[in-house]
Each structure stands twice: as structure tokens, then as C-alpha cells.
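What follows is a pair of complexes built around chain A, which joins chain B in one and chain C in the other.
Right after this comes the complex of A and B.
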């Protein structure tokens, strides 16, 4: 499996390098779907220039990256392209190794379950064969944003969690949270998985993990303070993420909503929107406590859809997971609709942007409508996968062809 | 020249040249011997025409640079007796009683570096060999020391009185760079004054061009009657010359001629130290031809040895002018160094050179405000260059102290950043605007552009103005020039005509 992976990596790197050299890179790096005020590369350069001038990069409204990014790119500003390529490669390789490991475990569990005769007899066709269980992540996009680095950190977190390494998992999670607050929701999934792997008493485990996580987070925050010598990165980075002052259009749900609402209700709606991101953790982790990796996938999807400044980079991270659940295809109900809507929206985004900004004949509502549609399609995709997953689990426990008590065919309904 | 003298003076000239030869061959020159020789020459120089005297001032003017240097240096350095033909207040020929035989030839190398207004840098090398000898008579000169043999043979074989050849690549931009020390046209240019003894000038010219094209590895053999002229008024002999009969002048130019390493290498070979020591080590072709302007030339002419012009010396000047354009736009003027320009540093002077100096032109910046030169030097010299009095920082390579402890000299010229002060206060949305202040030194006759990239922010619906289709109005920027406050606060002048006083 390593050979096709390396070949694919080489191809992806080549495509990316070619795209970067061509004029596409300039065009793409300006698009609002690809870069957000949090992750735009131009803003990183601006922040570095401000630092050179002696002005704090956080004194303006342009730079919202964490100090560690400043530190990293202070040395790597000339090699930005290679850094991002490397981050993408790391993401791909980490996801590949994580999924390989996960597949091995699933297969092993499946084997035990088969031997223990726990599956009903007519479910054999649902069993996954090793031949199906290969996975090659595909992520190539020539954007110039630090989203790649965030994705790399999350991928490394997933890898370390799947491998069962508690310390590394805590460290990478704290790094991911330090970059943007939302990966905090992944901690529940990590805890569930690690408890499965190495069972221990629940609270002791939680305490250990929390200790490691908080410790590394403190180290990061302290390091940032020492690097810059002042605390004003906290309101600029985290305050920015949470309070959403910048209403630059993006593919998220926040911008136009907050542009059109009454100031009186701003705080209320802000809280509602932000809680929305974190809220799904609890019910999802209760439902999916046996399947933490799927929980990670769901959480990533929820974060990418509901975060304050999403980009296609975040979406690509959870879409990269889809081939892992390829065996769920037979249970997906809306896949055609979803794919059509997603394709249509991707095509309409630049069109309506041009109509709005350059031609002046549309307005923000047009673009927001497409944004909404895009997000609805994503939600539909995610919930479809959720349904398919649960349905398969149900079938594995209760048999594939369900019969009612009177023998007639029954249908499953997700309640 | 000799043909115009009467036969008696010609005989006397032959006699004195024989004396000179014997002196040179025996290598035991004493000043007394010189005096005898010059004593014989005296009546001839007195009977010389007025034109000869007229030649003197031009010679003097051009030598004045070295002369003034020596005068200046005399107050700081030990006086080194230098064997030049320039008139000197302390004429060495009369006071040196050294036991070492004074050689008849002398080699000096100089480099002038001048930072130009446009950010480019102009480097001008001059390697000058003076040789008190006579090529024109039938005596074959066989012992060559500093003077290159190939050129000596050319002079004697083709009875050349003066030879000026230059190879130039690029175009001298006078508007941006000012005046060059020695103007030269693009391509190859050759003009020669022949001796009066030449009978068939055209034939000699043809042979000369072919020989020169072999010496310099250039295609000067393309010079023929189609591109040769005989100017009647534009050219005068630059060396000592009696009568200017323009029949003996030929001028040709090959504008298509390209200068490359093949031309530079034989040019460097003519130098006494070659390219192994002294200033010539800096002449690396990969850097020299990577320049905006490159011109190398050879000038041969007879000059007077001293003020009385009793003896004639031959002067060979090899000059190389190069303008480097290492200026990257948008970054301001950069830092220059010998290493950056020539990819070499200097480690020693040419041992055969009697003087080896580097001059850095600091006339535009006497206080060291615009740029600083390091390593610093205390030696200064002044000279009249093209009618302009200019001040130079001087580096004497014959002094070991110039090289310092590292035993190598790498001159740095650092431009003090003209945009020294930038004050930028970025805006906070809905709180405060952007403020950008820049202290800029605008070079004369130039256009300065300031560009700012910006991003648009989406407004909330309450922030729209009633007529948003107007767009946004951007305020004007303020340009203020700094004047001393004493001028601005002078209220005496505002007593009468207050309006005009305040304008």
C-alpha cells in the first residue's frame, strides 16, 4: 500500500507545484472561499512586516494568527510554499497511517465478533473485507493560507489518538486548540477512543488527559507571551474567533446574519451560534461512544460547517475521511442530491461573487443564499452518513432483512 | 616630428638617444648622467615651437590629480619619490641620490569609485605605465619591463605617434549618471596618429588594424576604407606633438562590435602584474560583463617627462570603466562592497606598481550622512575632475595598514536608509483609521510612488450612508517638508505685507 501512496503524493505535490507557479495561485489566494481573515497568507506577511516596523502586529485589525505562527514564519517566510506543501503531505500521510491502523482494529474486532457468532446470519454481506479497506486521502489545493498547518496538526492528533499515545494526543490537541478554539470538541472523542484502547477508571483517565492537555496549553500560551512580550494576542486571536467582528464574506453562516441583525441582539445570537458548534459534542458522544473515530469525523464536520470563519480547507479535511466509510454507500439516501447541490454551489460561488462585487448587479443576499445552500448540503451529507452508519450498526446487531413481528418487511426509521 | 627639425638637431637627438640607451642598458643611472642628457636636450626644447608649450597645460591638467594627491599626502604620509612626468614642486630628479638605479619606467594603478545618484555605482580603473624610451628611431627596443612588448612593437613597427582604442558595451546614461571620465561610443573605436615618417598611411593603417585585432582578439580586421575616416578638425593629438597634419590621422569605429571575456583577457595580459596582483585581480569577467556599462580602452601617447619637457616618455594608459546596477527597485539603495561588485577582495598591491590607490568619491556626501564607507580612512584627497572640484576618500594599497588584520580589503559603501522613519498605525475597525507617516528623501528629478494594498470590509446595515452608491471618499495625504523652525517662526518679516510673508 505504500507504493500507490507515494505515487499519489508525488502526483499531488507536482500538481500543487504546477498550480502554484501558474497564475491560478494568485487568483485563488484572493478568493474568499479559500482564505479567511484568520488564515490568509497576505495577512501573515503583513503581520511580519508590522513586527519589523516595530509595531505590534495585533494593534490593527489585519492579523489574527497566533504568535507561534509569527515565530514559525519569521524564519520560513521565503519558503512558504514548501512549508504548506509539507503540511499537506504530513496531513495526508498522517491520515493514511491513522486510517490504516483503524482499519486493522476494525477488522480485528470484526473477526472476533464473527467468531463469537454475534452477527446475525444474513449480515455477512455487510462484513467488510480487507480488500475494501484501503484508503488514500486526496487533498490538493493551491491556496496560500495557514489552514494547511491547522489541518496538519489535527491530522497528527488523529494519528496519535489512533495509535493510542495519550501524551502526543493531548499535545497535538492543545496545539490545535491553541490555533483555533474549536478542536476542543474533539477531546471527547479522543478520550473515548483512548479509554477503549487502554481501559482504566474513567475519572482518573479524564484527569490525566486533562492535566496533559492543560499543561501543554499553558506551555504554548506562556511561550507566546515570552515571544512577543505582551498579552494583546489573546483578544486579537481568540476574541476575534469568538466575537466575530469582521464580517468578510466567507462560506460560513455568520457573516451576513450578523451584518443584518439589530445590534441589540448581537450578543445573544453570537452566543447561540458559538454554542451551536460545541453543543453537538454531548449527544453525539453519547450515541457514538462505541465508535470514536466516526465521532471524530462528525465533530470535524460540525466544526467545519458551524465555525465562525470556515474555508474549503476545513471542508477538505473531513471530506478526506469519506473514503473510510465507503462501505456505507448502500445506505446513503441523499448522496446524489448532495453531490449535485455541492457542485452547483461551488460553481455559483465565483459567479455570484463577481456579480455582487464587480458587476454590482447582485447584492450580499445572493452570495449568502448560496452559502446557506452549501451549508445545508453539507449538513445533509453529514447527517446522511450518520444515518447510514447507525443503520449499518443496527443491521449488524439485528440482521439485514428486517421483518416485523407479523413477518412483513419493515423499514428502518431514524428517530 | 623629427622630420621637421633641421638635420643638426636630428643628429643631436640621435646622440642623446644613444646616450639614453647606453644608460638604460648599463642600468647604472645617476642623476648626473641624466642632467647631461637633459642638458643636451635643452636647446632643442627651447627651439621647440609654441605648440609644444600649448600641449603642456593639457598634460599638466590631467596630471594635476596625481600631483595634488601627492601634495595632500605629503602632509600626512612620508613623501615617496615617484617617477612621473608631471611637474612637481620637489622634482625628484634633482634630489634623489639613491644607490638603486632608477628605472625608466613606472607603473601606477588607480581605482575611482563613485556612487551615482540613481543608486548605481561607477568604478573606473586606470593603469598607467610611463616609459622613458624612444620607439621612433631605428634603435630597436628590446628590453621591456613594465611596458607590454606587443604594444611596444606595434608602436615601433607602424610608427605610431598616438593610439587610442576602446571597446564599449552598453550606453552611458548621462541623465542618470552624470559625465563619464572618458566618454566612449558603444562598440569598438580606434583612432591613431601616425608619425610623419610614414609614407603610405592607409597601408600602415590596414596592417595596424589587423595586428591590433590579433592583440585584442577583436574583429578589428573589419576596419577598412568603408568605415575609416580622416577627420580634419575634431581630433588633436593628446600627447606632445608638433604639427598636426591630419593626413596622419585615421579614425574608425565598429559600433556592432561586442565586448566579451575574449577581449578582456588580452587586455589584462598587457598589465605588468597581469590579473594576479593589485587592482587587476578585481577584473573578473563574470561580474564585469554583468553590468549596465562596460568600457575598456588603451591609450598610448608620448608625454613630457617633466616641466621642461627635455625628454619624452611614452605613456600607456589602460582604462576600464564599469557601471554596476545592483539597485533593486522597491528596496531602496543597497549596500555595495568590492566583493559584491567584483566578487573578489584586494589582498595586496601590485609589487611592480609605484602607487596603488583607491579613491571613493564622497563629494556628494562630505559629512557622511547619505552613505558611509567602511573601513574608514583618514586620507582625503581633492582633485579637479571635469571642471568640478571633488573630494575623495583615499585608500593606499601600498600601505600594509590599509588591509588591516584580515589582510584583505573589502570596501563597503552602505547607504544610510533614506526612508529612515516609517510610522504606521494600523486601523481598528469602527474604532480608528489608518495612519501612515513616512520620512522620505526624494532624489532629484525622480518620481516616487507609494502604493498601499487594502481589503474591503463588509458593513453592517446600520453603517450604510444614505447614498452608498457614491462609494467612499478618501482624504488627501499631507506632504510636509521639514524646514528649520527659525525660518517659520520669523515674525519680523510679517509686519508689512503679512499675506506675502506667510506664503
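Right after this comes the complex of A and C.
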């Protein structure tokens, strides 16, 4: 599998380099669907300029990335394009290796279950065959944003979790959380997976993991303070993510809603929206405790839909996982509607932006409507995959053709 | 108390108009500068030059060099943050020889009033749209079309509204209001209503699309008159070209309209004085605006100056056409998702390879790219080998590439060694139908008339074409409803609507000039019709042509 992967990587890197050199890069780096106030490259350059002048890069409301990023780019600013390409390549390779490992484990479990005769006879068609198991993630987009680095860290976290390495998993998770707070929800999935791999007493395990995680987080925060010299990056980065003061339009749900909010209710709705991101962790973990990798996929999707400043980079991370669940296609009910709506929304985003900002014939409601539709389609996609996954698990335990007690055909309903 | 109550001013205006009646070679820049300065305006000039990609045979120009002259009347008391523009294109010949005189007369009158709260910019642009594009780009510090212009030395504030004058005679019988701008953009309906209300108050006859209003809306002839007016507006909007100098202002979010004076064989004539009073009234109203015009509709189709159809009424019609495509897509999806029927000897259709669907897509888009780039790039080679002029070479190359695309399915089938399968054409049709639906939806949002006309001709064909329909008849129908033939019929239809029907040969020449103007508009002003049709609509139509000849 290494040869097609390398070939695909080379092709992807070439396409990306060509696109970057052409005029497309300038156009795309301005689009609000691709860059957000958190990840825009122009803001990183601005922060670097301020740092060179000796002023804190967080003064003025321009720069909202973490100090480690700014120090990384302090040395790499001339090679920014290569850095982003490298980050994407790391993401692709890490996801590929993680999925390969995961597939091997799924195979093993399936073989044992077949030998132990745990599957009813009529669901042999549901068993996955080696032919379907290839997966090569493909992400090519010439955006100039630090989203690529975030994705690389999350991909490395997934790789280290799947390989069963607790220390590395905790370290990468703390790095991802340090960048943007939301990957914290992935810790539940990591714990569930690592407990499956190396069973131990629950609380001791959690304590170990939490210790490693908090320790590395403290190290990162301390390192930032040491490099920067003052604490004002905490409100600028984390305060910015949590309190959403910048209402630039993006493909998320926050901006137009908070643009029309009265000050009196702002804190309340802010809490409601932010809790929404973290809220699904507990129920999903309880339901999917046997399947932590699917839980990771669901959590990534929930994060990239409900976070405060999403971009298409976040979406591409969880969409890269979809080929892993290609065996669920026969149970998906809404895939046609969802793909039509996603396609139409992606085409309508630039059209309505043009009509709003340049032609002046539309207003922000048009663009927010398309944002809402896009997010609804994403939620429908994720819940459809969830339904398909659970249905397949049900069939594996209870047989493919369900019959009620009196012998008539039954249907499954997801409550 | 009005513009020409003073006999001295009346004499000065008549003198100006008489002087401008004589043919002008180029624009009298120095004289204009001197005259505007003597009226107390701050005068500036802007030079521009542009080489067209190929000669423009309608207006007979290729290397265009010119100068815009504009004078700014500063508002006496208010802070200078906003401006209004009054422009008159000045060309050689007597096409628009009275407008500049009226403009200068108005400038003198406006100078003596104290109620102006916005700066008024009196612009005389040379080479109509090209000069206007240069001035607007200079004013807004953008350069989207690659023109060469000198920077503007003086500016007003942000422009709130603009009017462009076209007067060819010193007395008019009616004033025509032209609203359609670049890419089918229209000014706010409030501007049109304002002008019409003022015309009625002053007692000047006002028309739209050159057609007078009728009062009998209930009769069949009255209704058909309204429908004809609306169809004229739709066709002008669909062409995507600016139908007056105002068309280029709309892109910068400036409400603008063109006022054309028409002198027909009517007894009651209005003289320049009344037109001047009308314009003065318009400018006083625009002066009193506290915010940009945005309250009324931006998307409408006018069937007369007092009746219009808004987007809420015409969009559902388009939506229903789109639903046809979506239902066909759903039907194909359901057919594809159900398992294929097994034939008698147990042979099942193989899964269509991605290649068999991807190849027509790639080839169609390459043909579209060829249609977009080849005509202009190969004009030198074509001129060397064939006895045609550059413009004819460009147009004929475009038609040749278009027709060559029709031969593609045979070549594609020869290229693909394997047989296409039953599933294959269904997948391709699903992709093509969804592609067409999204494309038409986006087009209708930006330029409704273009989207609607394309939908009317392409949707029925797209929904019904399969490899199993009778080939000759459906091939004929598909070609007749393709974008190029739609354009040909539209040219004849447009002439019919304007009550100037043309013979077939004249219509064909007009069609060729329409194609060349479309390509020029794209190169000069950034009109989107030509790239849209060449790069997106034509490949989509080619996909359906491929499906028809699927083996």
C-alpha cells in the first residue's frame, strides 16, 4: 500500500504547489469560508511584525494564535508554504497509518467473533472483506491558515491513540487543546480506546492519563509564558475562543446570531452555545463505548460544526474519515439529500457573498441562511452515519432479516 | 425661478448647444476645462488608453486613447463626505451632441445654489463605457480590467447616486429610462420610481424600453404590450452588457440610471429647459437623501414604469423549473440504488468505472476551456491563413470550436476501449443534472433573466434525454436548444420585440456582432456572460450530448 500512497501524496503536493503559485492562492486566502480570525495567515504575519517591533503580538485585536505558533513561524516565516504542505502530508500519513492499524484490529475482532460463532448466519454479507479496506486520505487546498497545523496535531493524536501509546496520546491531546480548547472532548474517546487495548482499573487509568495530560498542558503554558514574558496571551487566545467577540462572517453558527443579540442575554446564549459543543461527549461515550474510533469521528464532526470559528479545514478533517465507514453505505438513508445540499451550499457561498458585499443587493441574512443550511446538512450527515453504524451493530447481533415474534417482517427504528 | 429664467443664461446655453452641433474630432478637452473652470468648478482630467483584444467593428475602435474631463462642485456648507455624479458621454459625431451642453448649463445653475449638501461631479467621459470604466477604477483605486489610466488628482466623497445623459436633439418628445447594468445588475427600484414620479409632476413623457405606457391593462392588447416590455427588459438583462454608461456604476454599489432623450414624430415637444428642470429636481431629491437607496427592490422586472414584477413573484417560476431537475436526479438515484436485475444467464452489469464517467466530464470541460481561450489567442494565425478580419476570425473560431464539440461523443467512444454500461450513462446523467441545477441556481441569483432563459431551453432537454430516445429527432432538438442557437433565436426575437424585424442575413450578421461584443465586454468590463456560457453551460450541454450518443 505504500506505493499508491506515495504516488498520491506526490500528486497532491504538486497540485497544491501549482495552486499556490497561481492567482488562486490570493483569492482563496481572503475567503471567509477558508480563514477565520483565529487561523488567518495574514494575522500571523501581523503578529510577527509586532513581535519584531518588541510589542506584545496580542496588543490590538489582531492576533489570536498561541505563542508557540508565533515562535515556530518566527523561524519558519520564509518557508511557510512548505510548512503547511508538510503539515498536510503529516496529517495524511498519520491518518493512513492510524486507519490501517484500526482495520487490522477490527479484522482480528471479527475473526474471533466468527470463530466463536457469535454472529447469526444470515449476516455474513455484513462482514467486511479485505478488498474494501483501503483508505487514502486526500486533502488538497491552498488555504493560507494555521488550520493545517491543528489538523496535523489531531491526526498525530489519533495515530498515537490507535497505536496504544498513552504518553504520546496525552501529549498530542494537550497540544491540540492548547491550540484550541475543543479537542478536550476527544479525551473520553482516547481513554475508552486505551482501556480496551490495555485493560486496567478504571480510576487508576484515568488518573494516569489525566496526570500526563495536565502535566504536558502545564509545560506548554509555562513554556509560552517563558517565551513571551507576559500572561496576556491567555485572554487573547482562550478568552477569544470562548467569548466570541469577533463577529466576522464564517461558516459557523455564532456570528449572525450574536450580531443581533441584546447585551443583556449575551452571556447566557454564549454559555448555551459553548456548552453545546461539550455536551454530546457524555451520551455519545456511553452509547459508543465499544467503538471509540467511531466516537472520535463523531466528536470531530461535532466540534467542527459547533465550534466558534469553523472553517472548511476543520470539515475536511472529519470528512477524510468517511471512506473508513464505506461499509455502512447500504444503511445510510439520507446520503443523496445530504450530498446535494452540501454541493449546492458550497456553490452558493461565494455567490451570496458577492451579492451581499459587492453588489449590495442581498444582506447578511442570505449568507447566514446558507450557513444554517450547510450546518444542518452536516448534522444530518453525521446523524445518518451514526444511525447506519448502530444499525449494522444491531444486525450483527440479531441477524440481518428481522422478524417479529409472530414471524412477520420487522423494521428498525432509531429512537 | 428655474434654470433658464435668466435670459443671459438661456442665450449662453443656446450658444453652447449650437457650437456642439458641429462635428467634433475627438473631445475638446481644453475648451471643456476652460468652460468648467469659468463656471467655478474644480476641474481635473484623466488620460487613459487601452488596446482591445481585437477590433470592435460596431464602434470602429481598436487602440483607444482618450481623456475624461470632470469638474467638482463642492458643497458650500456640508462636510464633503458624499458625492453625486452627472455624466454625459462625449463621442465624435452627433450621437450625443446636446448632453454636454445641458450638463454645462446645469453646472452653472447649480453653482449658484446654496442647498447642496453633497459634492456634485460633472463628468464628461470619452469613448463612453471605456472612459467610464477608467474613471471609476481610478476613483475607487481598483484595477480589474488591466486598463492603463492616470490617477485622479481630485475626488469627492463616496458616490451616492449617478445619472448619465444621452441627448441627441435639443428638443425631445419623451425621455427613456435605461436601468439594465453590467451582469444584469439593476439599480434600486426607488431610483426609477423617483424619476417617473418627477416626470409626471413636470409633465414630461417618460418611457421604458422605448415603449409608452398604456392604460388599458385589462384588454388583451394592453396585456401583451406589458409582456413585450417585460420580455425586452429580460433580454437586455440577460445579455449582461451595460446598456448605458450608468451600468458600470452599479458594481460599486452606486445607484445609477441613464436618461435618453428620444425625438420622435409627436407634436408635443419638450425643450432643453424642461429637461434641465427635471434634472435639477432629481438632483435636489438625491441631495436630500440621508442614506443610500436600499429600501426598495433590487431584483425586479418592469412591465411598465408603474408596474413591476418583484423577485418574490418570479423566483418561484424558476424554482419550479429547478424542481424538475431535482426530481429527475432523485429518480435516477433510486434507479441506481436498487440492485440491478439479473438477466437469464446470470450475467450482471458490471459496476461502471469511475473512468467512464470522469472522461466525458474532463473532455467537456476541456472543450469549454478551448472555447474560452482559443478564439482570442488564435486570431493572428487565423488572419494569416484566411481572408477574414480579426473580429470575424474571433467569432468564426468560437463557432468552429462550438461545432467541433458536437463531434466529441464519437471520439470519446473510440478512446474508451470498454463498452459503456447501462449504469454508466445513469451515473453521468445524475451528475450532469445536479451540475445543471446548481449552475442555473447560482446564475439565476446573480442575473435572473440569463438563468431563466437558459433554464427554459435546457431543463426540458436535460430531463428527457437518454440513450434510448430516437436519436435523430432528439439530436436535432438538443442542437436547436443549445446555448448558441438560443442566442440566435433571441437576436431575432429581440428585433421583433423592438418592432424592427430583420431579414435572415441581417440577423446572422447581428448575431456574429453580438458574439464579438460579448467577448469584448468580458475583456473590457468584466462581464460574466461569456465565461459562464463557455466554461460552464456549454460543457454541461456537452454532457447531455454525450449521454444521447452513449453506446
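The definition used in the following text is that the second predicted complex is superposed on the first by the 415 of 415 C-alpha atoms of A that agree within 3 Å, B and C clash if a C-alpha of one lies under 4 Å from a C-alpha of the other, contacts with A are read in each partner's own complex, and residues count from 1 in each chain.
Here, contacts are C-beta pairs under 8 Å (C-beta built on N, C-alpha and C of every residue); 3 or more make two chains touch, one makes a residue touch a chain.
Since we're looking at a predicted model, the values are computed, not measured.
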Chain C versus chain B on the shared chain A, clash or fit after superposition: fit
First (chain B), second (chain C), both or neither touched by A:82: neither
First (chain B), second (chain C), both or neither touched by A:214: neither
Which superposed partner A:344 touches (first chain B, second chain C, both, neither): second
Touched partner set for A:18, first chain B, second chain C, both or neither: neither
Touched partner set for A:200, first chain B, second chain C, both or neither: neither
Contacts of A:352 with chain B and chain C, given as first, second, both or neither: second
Residues of chain A touched, compared between chain B and chain C (which is higher): B
Touching partner for A:336 - first (chain B), second (chain C), both, neither: second
Superposed arrangement (fit on chain A Cα atoms) - minimum chain B/chain C Cα distance in Å: 5
Doubly contacted chain A residues - partners chain C and chain B: none
Chain A partner contacts - residues on chain C that touch it in the complex: 185, 250-251, 253, 292, 294, 298-299, 326, 329-330, 333, 434, 437-439, 441-442, 445-446
Footprint of chain C on chain A - complex, ascending: 336, 340, 343-344, 347-348, 351-352, 354-355, 358-361
Partner chain A, residues of chain B touching it in the complex: 422, 424-430, 434, 453, 455, 457-462
Chain B partner contacts - residues on chain A that touch it in the complex: 42, 50, 53, 55, 59-62, 245-249, 255, 258-260, 263, 364
